[in-house]
């Protein structure tokens, strides 16, 4: 099998690879990440979960070069973010948790253009790409709005547009909905959902229901990678979830307790249907 | 909730708003210098009339514009009073005990008051008719020749843009913190000035700490988006001089010349 | 303490072009020792309503009554002591050099003597599971720890009613569970809790009664079961599941909390 690290070169089947990555924050006794190894295939949609302080945010920052590992190796599209951060950032975009502190410019369209300006994209091309990105997140008409007049969901969509304009193949989402209300979360998740088929996505979150469609879920606890499983297998293991401070949302939890596969039923309606179907088939067999 | 404070951008479309920001900055600079070259009240009044006309053309409501001047009213009043009571020029208009009001003092007070108001108005008009991004772009462009002597023109402009972007956000944050502390029993209205100043610590401290944290997060976000200073950067906004800019500059010079002559 | 809002209306920026009517004719009662949830979308007026409970905002029409007495006749400090309000993301207001001092701020503002203050500080930190944090700097804490300290700071006032505006926003599941447990604990101790939340599943676990706001008006009020079953499409997941099955099995009843819903569904399956 192809070495994942080598496989992240253009044309290879891997987008990101981490090999025994270790990192400690200065002045901290415990490493924030310890010997973490995993790889993302091109086009995969992988979730990352775990308790706060477990290393999720650290991982994100190692992937885009904001932090450098003390040992081990990170490769993104064939490049090392520690030595070539600028190059890597063309291929890997990060959507952070707090959209407020990620918006640089006084107007929406200027902010969306920010990444393109940094890349030295010529003006004509910028205008087109900005317009396209704004459309992709459904914010046509918002171009001249000021960030502080926007709702949380809208701000996060502006941030997303800013990422999309740069056209990275890989998207890393660092708890993108945790500061949003229900409506904002729905908005943002809808647009993220549209993207997962075009891009390789790494989605860090506390909300397990956002990962029902994920190919795999990585669990980070205490800086270690303690699991790399499909949603189905992860959600079915109640003890493991508890040990790692993971909480299933209501519907999958009910499903699990009632003996249904927890990752297949997402909405209350689907669960109700499944229960009705089972009762009916039960009475029919009597 | 928007905070319309000193000199904030008023977004309407007008011929003045459409002018190139560099032209407006240069015009304002020339205006400020010119103000100090005018030595007659008549000249200042003429220039004031021209400025009023300009405010009208820029479609900024009178009320909004006058609010820009509110913070300086104290200084203006002090200046006028100082001149009135301490000048010994001209004829005595009336006496009151040992205080003498001379006609010269009155005239000088008026003159200085006008000049201060015009100074503030010109700066206010600049920021009211020029979007912060445009302003920063204009400044960066005008300062860029200085890059040759290693002056960080781009960084200065970027700092300004970011500061301008966060003013309303920090304003809202300050309000929010104030309300939270009020809910904990903080009272910002009681006691003498020293006591009141101290009572703002529970607002200032978290606001400042929060601002630093924001700065960190913003720096991370900017770097993550490929920011590495001004090198190799292109600009989304275009700055182009037009005929109207030349006309505006010419008019400014003309008005000032008339004012100086008067 | 019985806190009542009678026909409360609130207009922001009256007389200016930015005028907005955030609350219209809201009448609501907070009974002693209950958990009342206020739900509604963004812009429904939830936060505005919360700020009327301790008169941080004054109604432009209608009145706020504390034990049948007009709240505007009480002194500000008295009212804010009896009705504690914790804003969303309250940790942004932490400012003292140590956690102890920060939590002591409110009791000191109330003019209590140092002994009483120390006791209150200890009690509230304990209630929030944050005693070990006492000597640390609030700025060096994790998000969840900061949140707990901020809430302790308000709890230290010894309020009879505690209003929490989106207290679990941004918290991880473990911290969220702890907070919900705290709410139930406060209720046991006789403190009424007003929980403003957009998360209906969370509300389902702790609320006795629910008040739904829509565009500044009360669209429904009653027990959690009453309000949620009246409109199951806009209800917590537990209610949505149960209501879809009630047609076939009315024996399910009206469960709201997770445990009782699970039990009801299991019982129904057993038949």
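So that you can tell them apart, the chains are marked A, B and C in the order they are listed, and the count of residues begins at 1 in each.
In this section, a contact is a pair of C-beta atoms (placed from the backbone, for glycine too) under 8 Å apart; a residue touches a chain by one contact, two chains touch by 3 or more.
On a predicted model such as this, the values are computed, not experimentally measured, just so you know.
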Touch graph across the chains, line, ring, star, complete or other?
-> complete
Between B-C and A-B, the pair with more C-beta contacts | A-B
How many angstrom between the C-alpha centroids of subunit C and subunit A?
-> 31
In whole angstrom, how far does the Cα centroid of subunit B sit from the Cα centroid of subunit C?
-> 43
Mind pulling the subunit A residues that touch 2 or more other chains?
-> none
Junction residues of subunit B - those touching two or more other chains | 2
Tell me, which parts of subunit A touch subunit B in their complex?
-> 61, 64, 66, 85-86, 89-90, 93-94, 96, 98, 100-107, 109-110, 113-123, 126-127, 130, 144, 146-149, 162-163, 166
Subunit A touches which residues of subunit C in the complex?
-> 41-42, 142-144, 166, 169-170, 172-177, 198-199, 201, 236-238, 240-241, 244-245, 248-249, 258, 261-262, 265-266, 268-269
If you look only at subunit A, which of its residues touch subunit C in the complex?
-> 51-53, 151, 178-179, 181-184, 206, 245-247, 249-251, 253-254, 257-258, 268-269, 271-272, 275-276, 278-279
Which of the residues in subunit B come into contact with subunit A in the complex?
-> 2, 11, 131-133, 161-162, 164-165, 168-169, 172, 214, 217-218, 220-228, 232-238
Seen from subunit C, its contact residues with subunit B in the complex are 18, 51, 54, 56, 76-77, 80-81, 84-87, 90, 92-95, 105-106, 109-110, 139, 153-154, 157
